[in-house]
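I've put the structures underneath this note.
Here chain A shows up in two complexes: once beside chain B, once beside chain C.
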Partner chain A sequence: MNADRTNTLLNVSDLEVSYQKLKVLFGVSVYVKKGENVVLVGRNGAGKTTLFRTIAGFIKKGKGNIVYKGKEIDRLEAYEVAQRGLKYIPQDKQVFSDLTVRENLELGSYATKDHEWDTVLVHFPKLKTLLDRKAGNLSGGERQMLLITMALLGRPELVLMDEPTEGLAPQLVKELKDAFKEINRHTTLFIIEQNLPLTAEVADRVYSMKEGKIVAETTARDDIKEMVFEKYL
Partner chain B sequence: MNLNLWITSLVYGLSMSGVLFLVSVGISIGFGLMRIVNMEQMVYYTFGAYMAYTIVTSTGSFLLGIIAAVAVAAALGIIVETQLLRRVYSREMMFTMVVTFSVFLIGIGIIQYIWGLDPKPVASPMETMIRIVRVKVPLYRLLIFAVAILVYIGIQLLLNRTIMGKAIRAGIENPNNVQGLGINIYKIFTIMFVIASGIAGLGGALYAPLIMVGPYMGWDMLLFAFITVILGGLGSIKGTMVSALILGQVMALGGTLWAPLAYIAPFIVMFLVILVKPTGLFGVRGTAFGFES
Partner chain C sequence: MNKKVKTVLGPFILVVLLSISRYLFSSKMTFITEIAIYSLFVMGNNILYGYLGMVSFGQPFYLSIGAWTSAIFLAYIGHNPILAMLLGIAGGVITGFVLGPFFIRLRGDYFALINAALCAIGVFVFQKLLIGITRGEDGLWFRTQMSRVRLLDIRLPNNFFFFVMIIFFIVLVLYSHMNNSVLGSSFKALKVNERKMRFLGFDTFRIRWIGFILASALSSLSGSLYALNLGFVNPSLGETHRAAEVLVATLLGGSGTVYGPFFGALGFLGIKDLVSRWVTRWELVVGVITLIVMFRFSKGIWGGIRKVSLKIYDRDERSAGRCGRQRS
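Moving on, here comes the complex of A and B:
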């Protein structure tokens, strides 16, 4: 897995994580370069979400290092990681359902002091018509759009997305895919995805994860298109 | 039962509702936002009552007593939250229960050390009686309820009209996702904890003239405060208010009909409601301890 590491935004090395005595990550090393769209694939239980949550500061590491923009972030609280421009969008599509879409966005602005919603709503114009709707009444796709829009406030440099297309209708998946390409022009993306054809379309690089370890890294565009990473799962 | 008893019972119930709301709201916030069982709220309530006793005895001013009660309770809240509870938020519920219960016991010990074991009377700030449908009732009891309503309105304004309040509401639903946005949830915890402690102190000070202030007054209130929170729904401020209103009347009316009912009836009401609606009257979806509405 030796590669050109210039412009590295995120560098995770030899990461080990345990839930009490149960070890779930075994020396995981990944990196993400500025402007890349990196996808992490793997079966359920492979440790993908644990890796993302550890990078985002929600889970404390056992061993290893997490370096973001040249600084170690593995001792920071989750809110401090987010304040440094590394956002994490969880898998569960949990918006703040008791608040309206507008209030959800206000919270995103409150945290980042970025009140220019137009620059982020451009990816999902539909949300503009839903501003006064309770977020709890949104569909799964709309929730995902809202979560991505909230995460993009403050112009983060790196966004980690945990299975953003899970459970969505094909039309919505296509919409998100187009949005990813547009967002990726300004923001680096590191995405967990189970949808392998989608991965083949959007990824610059693919990590395959199995039983708490990175088992393969696919970099060649042709290999990604042909989904060679599938054989490692 | 004649009209006199009905009206008197109603007014006594309202004052009880006011006190129940003031001492319970901190427990509700603790459950909903911080996921802790906040037993030591009763220490702030007791300290509030003792501060009212000390200031009223030495200066004669009940208003000063109220201010001192709120200030001391809030200050104690800051110390306990920042020095102790912040270290245990991520621990399991039983652990935080033991911690907050220990603080409660230590608080009682400190109170005994400072003020002794003897119950203390606090002079009533007013003897004014007003007439409601020809029945004379003490104005002070209605004032307690009015203060509780004002506190409730204040909390609702904070939660619904300010960005801090929206962050708190979001935190009650999912504190991790609030952090994920870059908001320091611990700062919010501290602010809410201090507000809740001050309100509990206010409850103790307001209730002090109606009871004998003693080191164990928190014990008497603890169970009813928990019934109020559970009946109203964990994490719901509106639920806590509605629940306090119901329980205040149940206790007053029950006590009027048959004295032991004042203590038994709240339990019966709680069990009946929980049987039908396990999350309580206004349980917040996705809140603590796996309760999902």
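Moving on, here comes the complex of A and C:
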């Protein structure tokens, strides 16, 4: 890799992670520069979620290191990583379903001491009309919007999203895509995505993962569209 | 309705209703006092069980900390019952603060059991080890040591009733405020998805610790008032079988709610009072009734009341709504 590495926000090098005895990541190295929108693709079971969970501090690594804003974060608790401005939105789309949308947002605010909702709600104005609705009654798309909004509270510098568009209707995927572009103007994004056309449209750079290793990296739009995926997916 | 108004209005209505009952059924005054005191105990357990989802088989220990702190203070050191109560609360806070970090790390079943063990140890300590101070089985009497405090001589049962009502009101307002605040939401959120809370940036350990301290403090307050009410404490107060009782009361009333604990205390003590006159194994009857309530209304008595009143409200709303919609 001979890319320009100034302004690196997140740098993961030679990461190895196992679940008990089962090794899942074999020396993964990735980096994300400030302002980028990096997408990670790869088949189910490739280890993408495991990589994100490890960065977020939820799984302890075996070997390697994770540096965020110049500091090692791999010994921190998940909540400490979040407090440093690196947020993770898991794949499961789980909100606090017994609480209202407002209460969900209040939790996000309280954790980060950020009570300025207007600046984060601009991306999804629809949520404003749903504030008193129980989060459990939201549609899948609305839930994802709520999760993204909650994660954006506290103005994180880097947000990791695990398959945010999975299972959503095309219209919603388009809405999210526009939101990603908007959010990316002030927030660095690292997204796991299976939707290739969307990836081609939003990504600045793409990593492809297979069987626990990074097997390709590209910035060329044409590559993103065709070559990489046909070869590795 | 405005949340802030609701926070004060609900407790106010409840306490006024209890005060009216005190005059309607004047022979039941002591019983109503006991229900309010027991409610505080249930409210403590409700924070653990209802809000945080932690089952403890040792809540009587925290109850007895408050009772013994107040009793020992009044028997040997001072005379002011209100100070005795404040010390009881402080005892609960300190106990929760010190034990919390060790206990809340434990997985659910271990948490339940270590509290049961603590409870058994507590009984042993108060009954045998500290027999010189606590007088063991005989119990510690201090009624005559209590002095009159300005404004309200709570040695008189009638005054004590109103004193308990005031405390109950204050605690209910705070509890209701907690329920509506972010702290209440974070308790509930922690119960369903701790991992997500951590991704949001919450130190979930600390939240649980706060809950544990609050539970301990409420139990101790209840224990203190119990002691002041009787003028006497003995070690049976902390016995392990009472742990099951407070769990049953929590379920019966409706866990994870503000008013559930009151209805749990009312239901539990009420059934016990009625049934134990006729049947010696009153526990069986309480158990069966709890099961019936739980099957009928999964959220206990208070959940049932809310469900029924929502239905009525809904019907009114709908008939009112129909006219409204025609206009538009």
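FYI, the second predicted complex is superposed on the first by the 226 of 233 C-alpha atoms of A that agree within 3 Å, B and C clash if a C-alpha of one lies under 4 Å from a C-alpha of the other, contacts with A are read in each partner's own complex, and residues count from 1 in each chain.
Convention: a residue touches a chain if its C-beta (ideal position, glycine included) is under 8 Å from a C-beta of that chain, and two chains touch if they have at least 3 such contacts.
Every value quoted in this text rests on a predicted model; they were computed, and no experiment measured them.
Aligning the two structures on chain A places chain B and chain C in a clash. Contacts of A:29 after superposition on the shared chain: neither chain B nor chain C is touched.
Of the two partner chains placed by the overlay, chain B and chain C both lie in contact with A:82.
Residue contacts after overlaying the shared chain place A:56 against chain B and chain C alike. In the superposition on chain A, A:194 makes contact with neither chain B nor chain C. Look at A:111: by the touch rule set out above, it reaches both chain B and chain C.
In the superposition on chain A, A:184 makes contact with neither chain B nor chain C.
Contact with neither chain B nor chain C is seen for A:18 once the two complexes are overlaid on the shared chain. Here chain C runs into chain B after the superposition, and of 5-13, 149-157 or 257-265 the stretch doing so is 257-265. The residues of chain A shared by its contacts with chain B and with chain C are 56, 58, 77-79, 82-83, 87-90, 94, 96-99, 103, 106-108, 110-112, 150-151, 154.
Of all residues in chain B, only 163, 166-167, 169-170, 172-174, 176-186, 284-286 touch chain A in the complex they form.
Across the complex, chain C is touched by residues 56, 58, 77-79, 82-83, 87-90, 94, 96-99, 103, 106-112, 150-151, 154 of chain A. In the complex of the two chains, the chain C residues touching chain A come out as 182, 185-186, 188-189, 192-193, 195-204. In the complex of the two chains, the chain A residues touching chain B come out as 56-58, 77-79, 82-83, 87-90, 94, 96-99, 103-104, 106-108, 110-112, 136, 150-151, 154.
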